[in-house]
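Just so it is clear, A, B, C and D label the chains in written order, and each chain counts residues from 1 on its own.
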Amino acid sequence: MLFKTITKENLRTFITNIIKENQTFAPVVVSTDADNNPIYQFKKVDSFEEIKINYTKSYSSIKNFFLPYKEDLSTFHFNENGWEQKINYRVNPRVLFGVRACDINALIKLDQVLMKGSFPHPYYIARRKNTFIIGLDHEPMADCFCQSLDTNEVVHGFDIFLTDIGPKYFMLINSSKAFNLLKNITIEEVKEEDRENYIKEKNRLASLFKSHVDVTGMANLMDIEFESSVWQKWGDKCLSCGSCAMVCPTCYCYTVCEKINLSLKTASKEKMLYSCNLIDFAEVAGGHNFRPKSSDRLKYRYYHQHRGFVESFDESKCVGCNRCQKACPADINPVEVLRDLRKENIK
Amino acid sequence: MEFSGIPLKKLRAAFFDFTSCEGCQLQILNHEKNLPDFLSLIEIVNFREISSDKRDDYEIAFIEGAVSRKDQIDRLKDIRKKAKLVVSLGTCACYGGVNAIKNNFSIESMVDEVYKENKPETIPVQKISEIISVDLEIPGCPVSKIELEYIILCLALGSVIEKKKYPVCIECKQNMNHCFIDKGSLCFGAITRAGCDSICVNGGLPCYGCRGPSASVNWMSLKNILIDKGITEEEILEKLSLFNSLNEVIKDEN
Amino acid sequence: MTYKIPVYDINNEHSLSQTPNFNNKNALMKTDMVYQCEITNIVELTESEKLFQLKIINPIEAKIFSFLPGQFVMVEVPGFGEIPVSISGSTSRRGSVALCIRKVGKVTGILHKLKKGTMLGIRGPFGTHFPMKQMKGSNILLIAGGLGIAPLRAPIYWINEHRSDFENVHILYGVKTPEQILFDFQFDSWRKIYNYDIHVIVENSDKSWQGKTGLITDLFKDISIDVKNTYAIVCGPPAMFKFVCDYLNKQGLAMNQMFISLERRMHCGMGKCCRCMVGSTFTCVDGPVMDFWTVMNLKEAI
Amino acid sequence: MKIDMNINISHLARVEGHGDIHIQVKDGQLVDAKWSVVETPRFFEVMLKNKSLDMAPLIVSRICGICSISHTIASIRAIENALLITPPEKAQKLRLLALYGEILQSHSLHFFFLAMPDFYNSHSAISLMKTKGEIYEAALRIRGCANFICDIIGGRSTHPVSFCIGGIAKTPNIEEYTYLAENLSKIVADLEFAAETSLSLQMPSFERETEFVSLKGETNYQLIGGSLMSSDGVEKIENEYLAMTNEYTVDFSTSKHARLSRDSFAVGPLARFNNNYEFLHPEAKKEAEKFNLKPINYNPFNNNLVRIVECFHVLYKSIHLIEQLIEDKSKDIVSEYSVFEAEGIGAIEAPRGILYHHYQINKKGKIEKANCVIPTTQNNGNIHHDLSFLVKQELSANKNDKNITHLCEMLVRSYDPCISCSVH
């Protein structure tokens, strides 16, 4: 990793030029919520001015640039002799600008499952390797609890990461691709005062967290509290709508659906992101459902995050972005669920 | 005919309209790109709106619209006798649809108000399955042509027709919409069966449930959520009854 | 000066141009590329079950494809879907895959319409297998409920092909009604040629049925087992294997000497879609074959 | 020759909804000719009672699946007129564009799929597609593009979702505009090809002087709001629509009839053409000249050709409007409003003619009373009178019953009646 600084003016020029030559996605305002707060999403931008650089967090996570909601795994082409299967992993390079630390950490978690271990997922790898990520530090929102999950700091998984230190940005450069691009613009060596400002800023950001949840020993607790009434309590609220998993930066489960083209000449095998909260997630032949109740399914989502994933990778799958609560019509709040489980809410 | 080892059957289909806006029938002619392929999968033997040919040897009868007059009942029974497979096409046929709002008023006062003389005969609105047995329901106001294409293809191939069990919210998220409930308004997407690609929410309108309930409905929770947001029970009921499609959901309430 | 991000074409990676080898779990490969197979034979077993004999067309793929008893493949019917099916044949017949499939829904329904000569696809083998080598020198109890006999055919063939490695072999098989009995045309050869002891029991019998009536556990009265030197392989619905294994455990058979095969919904076979996760275990990668101890330690296994 | 003939067509095909034709001739003399609508009434006006305002456009959209955009816009306009809301200009432009889309969609549906088979002695477009492949490929592209406009602007081509009281809920992005503009430019050739082919179509010769009612063009071919006019010289403002329609019931039809200066009047493409010819787009005028059409034209069969003329008009207008919209960077698309006791009328030109929605709103913002007057309702009387005129003309030309039946069907179709709409 290299450490440099870049002036705000130069960053603007840099990003403007990147936008000119690459498909670039960055946060823009798309709506406002009941309290009149802006809602942001990563959308394709045509100029630096469109970007809301001081955005809070995007409503949907950036995982969908790597795991699209829907994606053709392969296509079948029918002919007189039968059929032929075709697979293509080609992805055009694109740039994501303004990605938060927790979201980059979420990608690292996905990398564990989808790039390493058994049966690496070529579709994901193709997207991951063709996405240039420029990260950006920010003040946490009141409901962000990434600090509790150690995901508010990044050390890898990005190309460039920026921290605002007043007149300029402190810059972490983490790929040769990034290094080559930066040759186009003036960047500066880190000076003593920059380092001071950087550390100060980092400490300031860390001190701003208001939401905390203790996840130590959570993995075992999940097993111990498997029959807990807490699940019933939250399960009664849950609408089994799957919104949480759709916006979550690390939920990756899916369903597969095949479609024959009306012409009967081709068919496609489509992967669609699913959610373990949906009623037929664990339904098998014969109609048996392993998780018939909404509370079973809600529990399972937490179980995968705080036990299953920990067992495999020694860390939780949740990064603490709290998008799931924002997207949940029933306002189910992961911090409250986990606290309930720790019996911290009982006075 | 055969498709990759599977026998392919060109089904003789008829389309009939009852009390409706005929918007669902219109969808059959839409999605123009696929229309020639679509028409090659079925043989249309009766479709008054676009053809003056009329034959009674149909295997599948697609019924659009609800019942709102006595003579329609006999017409329906006759269709049931002739068809091997009866399909309710659209929300009117499956649930009564917008027409059923009429059932909140007394027939007599209604007729009096609109017709001073030459008063027509009319009965309360009923869905098709209240009159005859229905083999397949394809709700939607209007039906989604893409879904209809899929169903016709399944019928031609003799394959199982899979209904989505999950609610509209999933599709709404796929379309990266901001949730109406987070905006403080009402939406029934969380209890409505997906398959429309959340087309209403994409366009700026909440989902009022034209496709009927999804496979897992938690009405009590949704109702509490809406009331928490400051939406009145009266408004919830008004919107819930737009299509007459979510009635069974409220029944659970008691 | 350019700001263009270079393309990284993963298609150029050497391993992606190779024929996928699903036994090499850690390699980057075209994980969704199927082996094309021809249906060479279809045996109608009952009204709802058929045995499909598939032949892998490409000789290289036929050579790569090797499996162990208990493993499964993902069967692809292009345009309709892909489903997990246990391999129900001998491990020694290279390039040939036998599948016994019950008609329950969309894909299986279409499979039952297909004729000899149709092309299908398979991916695999996936999952864990029965530890046949570890069982060497022991008595073997093969216990099947209903369709559970399908995955048992692989160990049945294996044991015969290595007959001297094993002691007594008992097959206990329970079904609901007599018509549902599968593979009874093979029972004679299994008894006489393979030298297995076979017991069948039917839950609801009719006049035509000459044999025993009752629950599968009733069959234990007819055999004697040496719990110290026996391994059990149990396949069937969750309620059945729990019942059977609990019984055997009470008789003194150790939990880790009983193996069962779990069924879950699966869409990939590779630990990616999460549909088959039980607690934190992937049935497709860490299973479907597990010993009873492991299963009992999984939340919501049954 | 003194002939007897009874023509009874029940549920006329290739029209929207259920209508019957009855002709009775005795000794070569016409005894009775009836156009009777037998559609079941749905009582939309009653359904609207006590409904919240935002529900009104959604409900009335379901009056008709083919012209749902027109109903939605008319409904919203009635509410906006009542509550004195002026939607932002951009929203107004988008609504107009959607209406263009609907006219193109509806006209091309009618011309190619419902009317065209008559001219080739065919029963349906489905069979005609096999022999007239080229025309139908063009027709499908035209319709595809028309539906695409509606999808993009209204969120969906049938029962739009993006129109709201005060404006519009979303605007297309640049990519969508550009794609739309490109597609529209592409189908110009298709439409020209279709028009070229239509030159050879023989419209039956028939004329009956009648009154034509439409919105009054001041500076353009008026489609949304403004004042009302008739070719007999009547002029009214939007709010006086009742004086323009004068609905009454008849015993042989569930749909009402209407009259103004004469027994009946006509609305629709030919009425607009006759009343507002000067405001047609020059390219549309050129087309009209090719068809030898000039105002004032009294042959209802020419409605068919005027549809093609109007297609040219809306096509060129749409292309132009999209250019303007691309330039229009304003973000203002919805006007705020408050509710009070009020009454409002919205008049617009639907594909089949002038359409009125009229609501009384109470102080709680609920609809107290509603009235909708549908184009086909206004045309029913005219169709009815045309029928006897046509039969008489053909009888004196010694035509047989087969010929007469065919012509009667064609006559009704040329009005493109939207029957379920008329019995709302």
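Following the convention adopted for this analysis, a contact is a pair of C-beta atoms (placed from the backbone, for glycine too) under 8 Å apart; a residue touches a chain by one contact, two chains touch by 3 or more.
Owing to the predicted nature of the structure, the values given are computational and were not obtained by experimental measurement.
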- Item | Selected pair, greater C-beta contact count between B-D and B-C | B-D
- Taking each chain's centre as its mean C-alpha position, how far apart are subunit C and subunit D in Å? 64
- Could you state the distance in Å from the CA-based centre of subunit B to that of subunit C? 43
- Query: Taking each chain's centre as the mean of its CA atoms, how far is subunit B from subunit D in angstrom?
  - Reply: 26
- Task: Let me have the rounded angstrom distance from the C-alpha centre of subunit A over to the C-alpha centre of subunit D, please.
- Result: 50
- The positions of subunit B in contact with two or more other chains are 4, 157
- Item | Junction residues of subunit D, two or more chains touched | none
- Message: Multi-chain contacts only, two chains or more: what residues does subunit A have there?
- Response: 78, 82-83, 259-260
- Query: All pairs of touching chains?
  - Reply: A-B, A-C, B-C, B-D
- subunit D touches which residues of subunit B in the complex? 17-27, 29-30, 32-33, 35-36, 39, 44, 47-54, 68-69, 72, 97-99, 101-102, 105, 110-111, 113-118, 120, 122, 141-142, 199-200, 202-205, 208, 235, 238-239, 242
- Note on the structure: Given the complex, residues on subunit B that touch subunit A span 3-4, 8, 34, 37-38, 41, 149-150, 153, 157, 165-167, 169-170, 172-174, 176, 178-179, 181-184, 187, 189-191, 214-216, 218, 220-222, 225, 229
- How about subunit D: which of its residues touch subunit B in the complex? 11, 13-18, 40-43, 45-47, 49, 51-52, 55, 58-59, 62-66, 68, 109, 113-114, 117, 123-127, 129, 140-141, 143-144, 147, 154-162, 164, 168-170, 249-251, 254, 409, 420-421
- Query: For subunit C, which residues are in contact with subunit A within the complex?
  - Reply: 1-11, 16, 25-34, 36, 76, 78-82, 102, 104-105, 108, 118-119, 121, 263-265, 267-268, 270-275, 277-281, 285, 299-300
- Query: Touching subunit C in the complex: which residues of subunit A?
  - Reply: 17-18, 20-22, 73-74, 76, 78, 81-83, 85, 87-90, 92-95, 113-114, 117-122, 125-126, 129-130, 132, 177, 181, 184, 223, 226, 252-260, 267, 269, 274, 276, 281-286, 290-291, 296, 300, 303-304, 307-309, 311-312
